[in-house]
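Structures are listed in the sections that come next.
Each of the two complexes below includes chain A, the first together with chain B, the second together with chain C.
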Partner chain A sequence: MPHPASGGAQFLQHTRKIIRFTRKGCTNRPFYHIVVMESFRDQQDPVIEQVGTYDPLPNQHNEKLVSLNLERIRHWVGNGADVSTPVAQLLGLCGFFPIHPRSYMTAWRNRRAQAPSENNSSS
Partner chain B sequence: MALNMARVWCRCSSYCIKKNNFPNVGVNFLHLSRSVAGYERDPAPLFFSPDVQRIMRKMTKVDVKKVFRSRKLGEKLDAPEYKFLTSEELEQYMKETEKKVEERLQVPPIVKEREEINEVLSVDRALTGYDSAKFVFTDITFGVPNKDRIIVVREPDGTLRKAFWNERFRMNQIYFPEPDRQLRTPHMFEEPYLTNVLDRGEYEFVLDRACVQYEPNDPEYYRVTSTTYDHIEKEQMFDALQSTRHFGALAFYLCWNKQIDNFVLYYIQNDRIEDAVMLIQLFHLLNPESKSAETDSKDALKFIQAYISKDSSRKSVLEIALQSFLELQKQRQFVEEGIKKAHGM
Partner chain C sequence: MLRQLQCSASVRFFLPPDIMNVVANPVCKQSVRWRRKPPGTPLAKSKLFRIPPRPQVPEEERIELFRLTTNYNTFIKSVREFLREEVQSAAGKEQLADAVSMDDDLIRCKEINDKWNAEVALIREKRLLHEKEEKLNLISKRLEERKIRERNRVAEINELVRMEKEKEKYYITSENIDEAIENALRGEVDYNFAIDVKGNIYKGEVAEENLEKKAVETV
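Here is the complex of A and B:
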């Protein structure tokens, strides 16, 4: 019996692997699996292994839940797997990777977008 | 371990300051100050010592019928099985049953309350405004026990910190659910309902469920169990827990907090002098500094008398109970002798 995290895809040694999101959930309710798959495959193709989940909708405590199998991520990154930008941002936020530059950009843009509205309301 | 416990105590005593630093953790501190007062010393080393375990086990008074009775827990009941057995087979079955009894009557551990986790890993103000929600990251690496799992939170202001206990509880329960444990606290443990359940005398139900729902070092576990034990003590319903796993814990709690007078009174009034002696022995083990701990009397009545005169806070009531017990004994003896005489023995 395969391991529960195994996605059933064929593992080929010399293809490029990527750690990326695949969208699960349904219409208007996104939910992502963080998976290892060959980088040229389609998003909904069978994956090599699932290494985490990401729920982008905040729960009642205003939390976005991310689960990461850090041991397996370490393994795949060590074996030369690429990491997609959204996943790299999450790994940066959790302190596993350095903070991704795009995270700083997003934060800065969000702050800038918020600033003029505050000025308008005060004036 | 001792060092760790010392640190625990320091942190708990200065919790007000920490509360100001982290305004959103107020919920966790609700009961901390109260229950820390109940466990200033660490009960764990005493609780796990073989002497205390032996006395607690002895006090529980096994009634196999009560241990294995069918309980209405919403499960399907099995029809009883009848078998023909030789006496050796029967003996073997009895031995197996004894083992099962030991398992079922393990007293739930009494340990010191945990302290809140307030560890900031990094503060990156450049990330302020990245998202309006917190990010909670859980490491789901295979084979890591719940208490060692890495769980961290990135706050909207860019702070990366370790998760608080309530967050850890939720994440562990979401990704690695324990059977019968609920993600939200059952309403039963909230105040108007808890008193209601206790007034109906469902002590074992409450304590069993608290064992399932909470970790033994959870402040909420302390609150629920101590409320239950206090209620039992107030209502004198000590027999409700007899031959359940909670009886030892009840005795331990009452001895630890030096409120066994009602318990002793109950035993004396019910002619259970041996049990009263065991209870006072447990009291002495847990409070070696008490005045009557020195008494080494073999006579049960003198032993109890020493406790009453030196450590009891309800001396008069206990004295009267003991006297009436003695008189009752005398009368019984008198009647027995009379009967013997009447029978010409």
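Here is the complex of A and C:
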């Protein structure tokens, strides 16, 4: 029997499936599994399938590590599964989906936030 | 834990029982230690009348976001459609291949099965023959035994009849009944006697000195 965190949950055929994060890790140390679930399920319920991981804390090389099982994501999206916004952002950044508008927005807001401090430091 | 239980209770309303088992089964649950306020706690007094500020999105940013979102939705729609077709065609191909391989498999299985059946039929024929022979033997043996039994029984009966015929001359019939009565009346039997270990009988009511010599009759 697979571990409940990595898949094997029972599900109904015609319910809405969604690819989304489930928070693993512990206090002050977020770590996310990218999973396929029925959308009405609780975050910590058994999942249908795990299709990736995401570590939001940058490592020593300043990288946020993501792993994706693109073959299975293709399969699930092709079978009509929805994708939550944060996962869609990740998929956009990795080139699987178009870049999500929220990524653009975050980028320009970050740029805008950075601009005055640079101006201050230069002046 | 409380939160999970509440969730299970709300799910119970519309799920079939086999799924309920997974949801309610604590083995499949991974509890998360949230270290937060319990879910039932009311709004804090200090936050009771706080009105959170509405996000201020500049007009040009809003227009830009709208444009981007619309584009994104269009792209995503086409991507999803593409993936859907891909999955469906793959499933169709797989089904076809499955069907062909299933037929081949079936034919192969049937050949093997026929071969096994022929082998088993040979063995079975031999076994049935053997069993038939054994059964016939058993029946003939039983018949023989029965004959012997019958013969013995008839012999026993004949012996009984012969003995009865021998005894016949001592029977009391209507011809000799008077004589028999006379005999019975004449022949007195005295049962008032003693008997020792060797079977000697001592008649008379009083004990006498030399018993050995007085033995008159042995049983």
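The definition used in the following text is that the second predicted complex is superposed on the first by the 117 of 123 C-alpha atoms of A that agree within 3 Å, B and C clash if a C-alpha of one lies under 4 Å from a C-alpha of the other, contacts with A are read in each partner's own complex, and residues count from 1 in each chain.
Here is the rule we use: contacts are C-beta pairs under 8 Å (C-beta built on N, C-alpha and C of every residue); 3 or more make two chains touch, one makes a residue touch a chain.
The model shown is predicted, which means the values in this text are computed figures rather than measured ones.
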Under the superposition described at the top, does placing chain B and chain C together on chain A give a clash or a fit?
fit
Is A:Tyr104 touching the first partner chain B, the second partner chain C, both, or neither of them?
both
Quick one: is A:Leu12 in contact with chain B, with chain C, with both, or with neither? Answer first, second, both or neither.
second
So after the superposition, what angle do chain B and chain C open up at chain A's Cα centre, nearest 10 degrees?
90
Could you say whether A:Ser39 touches chain B, chain C, both of them, or neither, answering first, second, both or neither?
neither
Figure out whether A:Gly80 sits in contact with chain B (first) or chain C (second), or with both, or with neither.
second
Thinking of the overlay built on chain A, is A:Gly52 touched by chain B (first), by chain C (second), by both, or by neither?
first
Looking at the overlay, does A:Glu63 come into contact with chain B only (first), chain C only (second), both, or neither?
first
For the overlay built on chain A, what is the smallest gap between any CA atom of chain B and any CA atom of chain C, in Å?
12
Kindly list the residues of chain A that each of chain B and chain C touches, one partner per complex.
99, 104, 108
Contacts from chain A onto chain B in the complex sit at residues 52, 58, 61-72, 90, 93-95, 99, 103-104, 106-108, 110-111, 114
Okay, in this complex, where on chain B does chain A touch?
121-122, 124, 126-142, 150, 152-154, 158, 160, 167, 170-171, 174-175
Applying the document's contact rule, which stretches of chain C touch chain A when the two form their complex?
3-4, 7, 11, 16, 18-19, 22-23, 28-33, 35, 61, 65, 68-69, 71-72, 75-76, 79-80, 83-88
Can you name the residues of chain A that touch chain C in the complex?
4-5, 9-12, 23, 26-27, 40-42, 44-46, 74-75, 77-80, 88, 97-101, 104-105, 108
